[in-house]
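The structure that follows is given in the form of structure tokens.
Chain lettering (A, B, C, D, E, F, G and H) follows the sequence in which the chains are written, and residue indices restart at 1 in each chain.
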Amino acid sequence: MKKFLVGLLFIGLAFLLLINFAELPEEKLITFSLSDYYIGFGLEQTGALNLVTAILYDYRGFDSLGESTVIFAAVSGIVLILSRKMLPVSSHGLSFIVKRTLGILTPFIALFSLYVITHGHLTPGGGFQGGVILAAISIIFSIVYGSAFDYKRYSPELKTTFETGGALVFIIIGGLGILFDGFFLDNLDFLTHSPGTLISAGSIPLINIGIGFKVGAGLAIVFYSMIQKTFGEEF
Amino acid sequence: MISISILLLIIIPLVVAFLIPLLDLYNKLLRRYLVIIGGVIEISISIYIIISYFSDLKAGKFFLTYYLGGWGPPFGINLVMDSVSLIFSSLISFALFFIIIYSIGFIGHHEGKYYVLFFLILGAMQGAILTGDMFNLYVFIELLTVTSAPLVAFKRNKHATEAAIKYMFYGVIGGLFFFVGVILLYFNIGSLNMAQLAQHFAEIENNMQLTIISIFLIGLLIKIGIFPFHFWLPKAHSACPSSLSALLSGVLLKVYLYIFIRLFWIVIGFEFLLEFNIASFLVYLALVSSLFGHVFALQASDIKRMLAFSSIGHIGMILAVFLLNTETGFYGGLLHIISHLLMKTGLFLSTGYLLQYTKSNHIDDFAGVGHQNKGIFVGFILLTLSMIGMPPFIGFFSKWYIIMAFLKIQHHFGAIVVVLGSLSAVFYYLRFIAKGYEKIKLSASDLKNEIYNRPILSVFYREKLVTTVIYIFVGMIILTGFSFRLFELPLQEGIKELINPQNYINLILGG
Amino acid sequence: MIIRLTFAYLLMIMGAFFAIVTVIGLIRFPDVYTRIHAGAVVLTISAVLVCVGSAIYVWDFLLSLKILLVGGFFLFSNPMATHAIAKASYKRGIALPVEKTIDEYSTYLRRDSE
Amino acid sequence: MLHHLVFTVLFLLGLYTVIYKNNLIKMVIGLNIMEIAVFFWVIAVSDTGKSVPIYHLNKFAASFNDPVPQALTLTGIIIGASTTALLLTFIIELNKFADTIDSNKLEGLNE
Amino acid sequence: MITGLAIFFTVMSMIAVYRVIKGPTITDRLIAADTIGIFMSLVMLMLALYYDVYLLIDIVLAYAILLFIDILIYAKYFERGELYK
Amino acid sequence: MIYLEYLLLLFLIIAAVMAVYFEDEVISIIFLSVVSVILTTLYLLYQAADVALAEAVIGAGLNTAIYMSAISQIREKSK
Amino acid sequence: MLPAVTDNNLVQIMIITGILVTLLTIIYAWKKLKKNKIYFVMLTIIYLVSFIIVIGTDKWIVFLGGWEFVTLTTSLMFAWDDWKLVKQYFLIQFAGSSILLYAVLVIINNGYAEVGIINSTFLQNILIVGLATKSALFGFHFWLPAIYANSSGLVNAISSGWVVKLGYIILLKVIIPEQGNALLFYAGILMLIYGGVKALLEVKLKVLMAYSTLSQLGLIAIGIGSGTVYGYYGAVLHIIIHALTKTGFFINLDDIINKSGTQNIYELAARFNYSLFKIITIFGFSFSLSGVVFLAGFNSKYLIKNSLPGPLLLIIFYLGGLLTFLYTLRLLYWLFIFQGKQKAFLLRLNNYKINFSIDLFINIPILLIILLLGNYPDLLNYWLPALDSFSFPLGSGIGETILYLLVAYLILEKLNWVRTKEKEYLEIDVLFNKIEVLLNKIGKASLKFDTEKIVEHYFLRGIYKLSGKTHDFIYRSFSDQLSWIPLFLALLLAWRYLV
Amino acid sequence: MRQKIYTFLSLMIVWIIFAGKLTWDVFLVGGAASLLVSYFFSDMLFRKMSLDNNVFTHLKKFCLIIAFIPVFFYEAFIAALKVSRYAFSRKLDLNPGIIKVKTHLIDVTAITLLANLITLTPGTLTVDFDKSERCYYIHWLDVETKEEAETRKALLGRFEKWLEVIYH
């Protein structure tokens, strides 16, 4: 009986959702809407070829600040929840065939992540995506070489420094915006060379780099905390 | 008027939060100074705003704005502070400053992460209040969820973790609905700026309007904790450390209420709720929620849970009185928001202090607390008296105006619910007060156990700190009780804004 | 031009053919390890072929190199992943080969455990 | 219409999973599916058949898809990922105390 | 041709889903999922060619990298039963 | 191209249903990553490159890592 | 027509009486209390100030606030007896306050922005219902005996002597003397009879006095509600007189109970060594209460009697008066005259001591006032201007009194001075118990009711259990809780078809 | 140091491929990025190089590797065709099994590469490598023989020789 009612509810809900959402209009009400503005003036105002990046880090840079703060908060939360006394670490990892192959691949993956980060304003991607790939390297280390390796090479302190440093870079660049152009997160136009080059789009690449390192370090911390085997902590 | 100070209200906490981990790597003792400096800066900015723009406020044209990235209102994100936001923002600065000081005496472990998350919550709350952009609001709402959830699980036991999981599930679903709502607004209108959305909302097709309203309603009702979605609230608010319960129950709920007000009075426009007959339904829903909150509070044997349930009751009441959409209703609602903020925060803080000396939050362990901490318990009693609406405290006056608002439009059910609410409040508070004054005889083993359970951090100076904060709150409720007309000016301005949203639109879009 | 495109298509079609082989192998072969042969190894060839085909299709030096890089990455990563999985599932006994087959590895593992 | 249908099905599938599955990890997966549904819907609806909103080699004509929903969705995806991580952390923690992730066996969740 | 290939690979991966659903052991499913992943990345490649937006190839590369890491994570999990050691 | 979209949508739904259907979490997560691949492809089809990259990176890569670490901890404990 | 009492005068006389009564209580408290007496005095002063504010103000909000303060302070006074009583008393009083708050707000919303005459029967009735709990109107009086039975006479004196009257004082200000209020009137009659009967059958001294208070309050209610100036004046006078008398009464009884250690009136006589002066005092108070001529009680009763419109009501009133006589005489009998194994009290009377504080500072003034007002009611002319226009027929009063005494004596003789068993339960408790059993049908088996825990049990446990049931009903499993979301979503999305 | 320089150069090449153009800013940023990566990961790409080898040797190695690729691919292609024969055959007539094959290679990278190559050749799959006995455990789709020399020839074949030449 309950199952039947639930089924009925969900079928009805599906029907209602479909009806309600299908009325979505094709055209927007405002004739010169947000997107028209961004598409029309995005390149000349920000200098970023990638309009999504232009929106994310320039027009709506504050959103991105909030968003990176979300990641920062999540990382802090996870570390808070999972911080415990550690077991003595033993490093095994996978077979040495995998280790060696990955040794060859890892620099290129890192390079690729840097590529994604620095080309945020030209190609798809940006700080967040590149940062996740950067974090993937740390994940690889933990997985393949064992977490001790990861711990030894890139200590949590280093990661924390990178994380907070990245976040602060964002805010510092925003503050520079006040200094040079009068508004927080204002695009630093003097950094622009010419559209299409790497050194263009004002402060967008810099913010991207900051966020990239922040996200990379943050997610690495997250993964490292989540896999570590721990004792309970008395307090 | 463009003013950078309202940006600093958001940025300063974020900077402090980002700096704390760096500072921790260097020296852990510096952290406390940083934290206090952050709080002081925050509150002084609030005071600065009030003082320097007081003439504007008096003239009824208080309006501050800031363009992020230098992009003007329809195309960029802008921060807005009008009278309503001023009230909320400065109240939050005030309350959180004292909670920070309280925390220094209260939180014993993992202080670094605690303050990081705490300052992030502060920044997110200020952001959610000050932003003038719909999607930015969503980001801040999510930030609130993500920051508060780990703190809910801060105690790291089964109960707290369950609470955090429940909180997260509800929070994420609510946030998702809010996201859908924002996107729907964007698809229909083509803008994300609140003023522009408000300008064009009436032109949307009728059915679509209803859909948007429904989606937003679900999202926000989950966040506020109105009856069918309140299940996460008591558990989450009771599981975390008391300083945080005070924040969640005393302050955060008001932020969500503010968002509700902002959304349904300024962006969407209340006339649509009336047009679709949703308003009266919502009034009844909120009232039922309030009733349930009080009824559940009656049976709660865990004091913090009881306080959380009482929060449900009060928030439902405030929501209902706002939804009446009358001037008295706004006045009563806003006043009660202020009073409930002060009272609940103070109550949770004093409860936290009292519970330091008990084994658990259960009522049986509460016995004899009043004899152990006489001063604080008196403060606790005064706060509860304000809560149930005793005269010299502010609780009475706000309750007075709320009932007045209900009766003014002959909404007797609402008035009765409010009366019943404060009536049941007497029942559930008295249970604990009577328990607290119960004489108990401790056996030797009990005594040992108690000393063991007593937190080590209750060193003398910290205890003083905690006590002082509680007395400040008690003093505030008495002070504001005698002079609740202090808020008259911003309240009246705020009410004007709520009644006439067109003013807000004109100020932002400059038309 | 036409020759280049034809060559590119040819390579792609070969890749597609091996894709069919992959899927059939995946569906038909009897046990895990044989399926790995089809599902991972032939697949790599298929993917690389398609990538090479695309590179020729694009015919722009750096871009083609980039696509080849993708192919190269497949070439490098896939066998290793396959190897890792095969080893892991054998070691933990998640999937052991059928009884009758020749199995010298089990003796090694047994010796190792002693 | 098709996009709406897929959105509805996925969204309700996710909601169903969140509500009626007992395994907490499955519930998180349900949340993920709900998020996926919403993001998919946003992108699908905002697709007008024009080009990627990036000025690239041979597409200088400004005939781009609406970049705003993409930016918003991007933000949403990242926020979703962090919430998922946080939720899973809580589940790990809960499992340490309760030895189960079955929501039926966790009485505390019902309170 | 490009379209055809894209559809072809999609169909192939849809057939491969059978193994993910059916697969008696987890390894089967994993291998099939890997197959699907690579097929889909080929589809992405085809799409990049189809739209003449070669920037999209980055996405294929990124996906390939992360797919590979995924597989390694699974392998580690199967081999050790945990991810820490 | 429209047929490709239909196929992918069908595929998406199948994968999502399967992700819910199986009781074993690992299988669910495998399916979830499959869903995420399909979604990436769909985003590319809808000309949303940035979102596609984010989905690929987070949905396929990061999510699996996080989920697997959670599961490994949980299974470890229950053993 | 007779000139009505102005508000100002009324307030003045009430304030004077209040101060007097409170002063008397403070004196007793100073003597009696062992510890924290300074706090008690402070509390009493706060109470008095807020009381005066309540009477004097014409702002509803101040009025309510002041009243809440009166409630708070008086309930805190119970703390010297038992914290549990504080809780119970506060609960009940606050419940009353809440209803009152509601009533007052309804009144304000109907245009009566200030405390004053309300020219609408409906609103008056709402106010009366609002005041009911606080003023122990019939039906809402249940707390009175239960609380009094367990508390000390000190607080009883304050509560019964003055706090309970507060509601009636307000009603005096609100109700138009010429119109009256039927609801109040009939409630008064019921209270008079009911209180009398209950008092007659009661064994416990405090409870007896509580019921006596109830019946006297009934008289006041009749006076106010009758709608004549006679009644009005009678009510004012009776409030004053009853306040004084009851205060004195309770203080004396408290002394007696403390020294004898029992409340049972059948046993009291044997355990207490009365002084002459005490006997005179108690006799005086009792007779004043029952309206013996030359004592103040007679005058007020006479005025109220004159206000009654019809013969039927007059008979009922006489019956009420008779009941008063009956229970006072019975009380006096069992206290002083009953011989039993002991000698009669007159024979034992060899104690002529005057208790320094009680007798000198409390009993003598009260007795004096009673006597003065009984013989020269015009003394209050300044405040009650029309008082001298009434002619108080003291002559016929003698006859009436004698008749009353005679009849009462005969009846009591016949009934063997109404020796009832000490009841285990108050009547109202049985009612509660029944409700409780009804409630418990949902839950567990019935619980026995403890007299002392009347409020505790009914209000707290019952509500606690009920709310627990509700809680369990709403709070089901996690999935059920979550499934509200699709349900609500469906409701809202289908809204356009539903509305 | 040399290790780092080699790493830097190869990273730079790949960076240019990634960037897709040859302008000064690409070099600038790419140089910075490559420096960063080679600072962190230089010991991973090339294992400790003996200093006595001069640059020419390394160049030769590189050329050999490049030359090796088509050879390998041809082999792999042929093997794949073999497997597809199994896939399409009406009746599956497989004889799978895991066998042990010894190798002469010493260098770790060479062993790894050989293992990968074996895996890449359809029909064979490296399951494990025994370090003490220096032998591969290989899953063979259709075991033809269990004799040592035969299997070596069938499985390792030419690859081993190539790798021996490269990593002598």
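By our rule, a contact is a pair of C-beta atoms (placed from the backbone, for glycine too) under 8 Å apart; a residue touches a chain by one contact, two chains touch by 3 or more.
Computed from a predicted structure; not experimentally measured.
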| remark: The larger set of C-beta contacts, choosing between C-H and A-E, lies at C-H
| message | If you average the CA coordinates per chain, which chain's centre is most distant from that of subunit B? | response | H
| request: Could you pull out the chain whose C-alpha mean position is farthest off from that of subunit C? | output: G
| task | Please work out the Cα centroid separation of subunit E and subunit G, and write it as a whole number of Å. | result | 86
| task | Express in whole angstrom the distance between the two chain centres, defined as the mean CA positions of subunit B and subunit E. | result | 47
| request: Starting from the mean Cα coordinates of subunit C and subunit F, work out the distance between those two points in Å. | output: 21
| remark: In whole angstrom, the CA-centroid distance of subunit A from subunit C equals 32
| Where subunit B touches two or more other chains at once, by residue number | 135, 139, 142, 146, 149-150, 153, 156, 166, 169, 173, 186-187, 192, 207, 210-211, 214
| field | Contacts with 2+ other chains: residues of subunit G | value | 475, 478, 481-483, 485-487, 489, 493
| note | Residue ranges of subunit D touching at least 2 other chains are 9, 12, 15-16, 18, 20, 45-46, 51-54, 56, 68, 70-71, 74-75, 78-79, 82-83, 85-86, 88-93, 96, 106, 109, 111
| said: How do the chains pair up in terms of touching? List each pair. | reply: A-B, A-C, A-D, A-E, A-F, A-G, A-H, B-D, B-G, C-E, C-H, D-E, D-F, D-G, E-F
| message | Using the touch definition from the top, list the residues of subunit E that touch subunit C in their complex. | response | 1, 5, 8-9, 12, 15-16, 18-19, 25-28, 30-32, 34-35, 38-39, 41-42, 45-46, 49, 54, 57, 60-61, 64-65, 68, 71-72, 74-79, 81
| query | So in the complex, which bits of subunit C are touching subunit H? | reply | 17-18, 21, 24-25, 28-31, 33-34, 36-38, 41-42, 44-45, 48, 62-63, 65-66, 69, 75-76, 78-80, 82-83, 86-87, 90, 97-98, 101-106, 108
| task | Mind listing the subunit A positions that touch subunit B in their complex? | result | 20-21, 23-25, 28-30, 33-38, 58-63, 65-67, 69-70, 72-74, 76-81, 83, 157, 160-161, 163-165, 167-168, 171, 174, 177-178, 181-187, 233, 235
| Residues of subunit C touching subunit E in their complex? | 9, 12, 15-16, 19-20, 22-23, 26-27, 32, 35-36, 39-40, 43, 47, 50-51, 54, 57-58, 60, 63, 66-67, 69-70, 73-74, 77-78, 80-82, 84-89, 91-92, 94-95
| field | Contacting residues of subunit F [partner subunit A, same complex] | value | 49-54, 57-58, 61-62, 65-66, 69-70, 72-73, 76
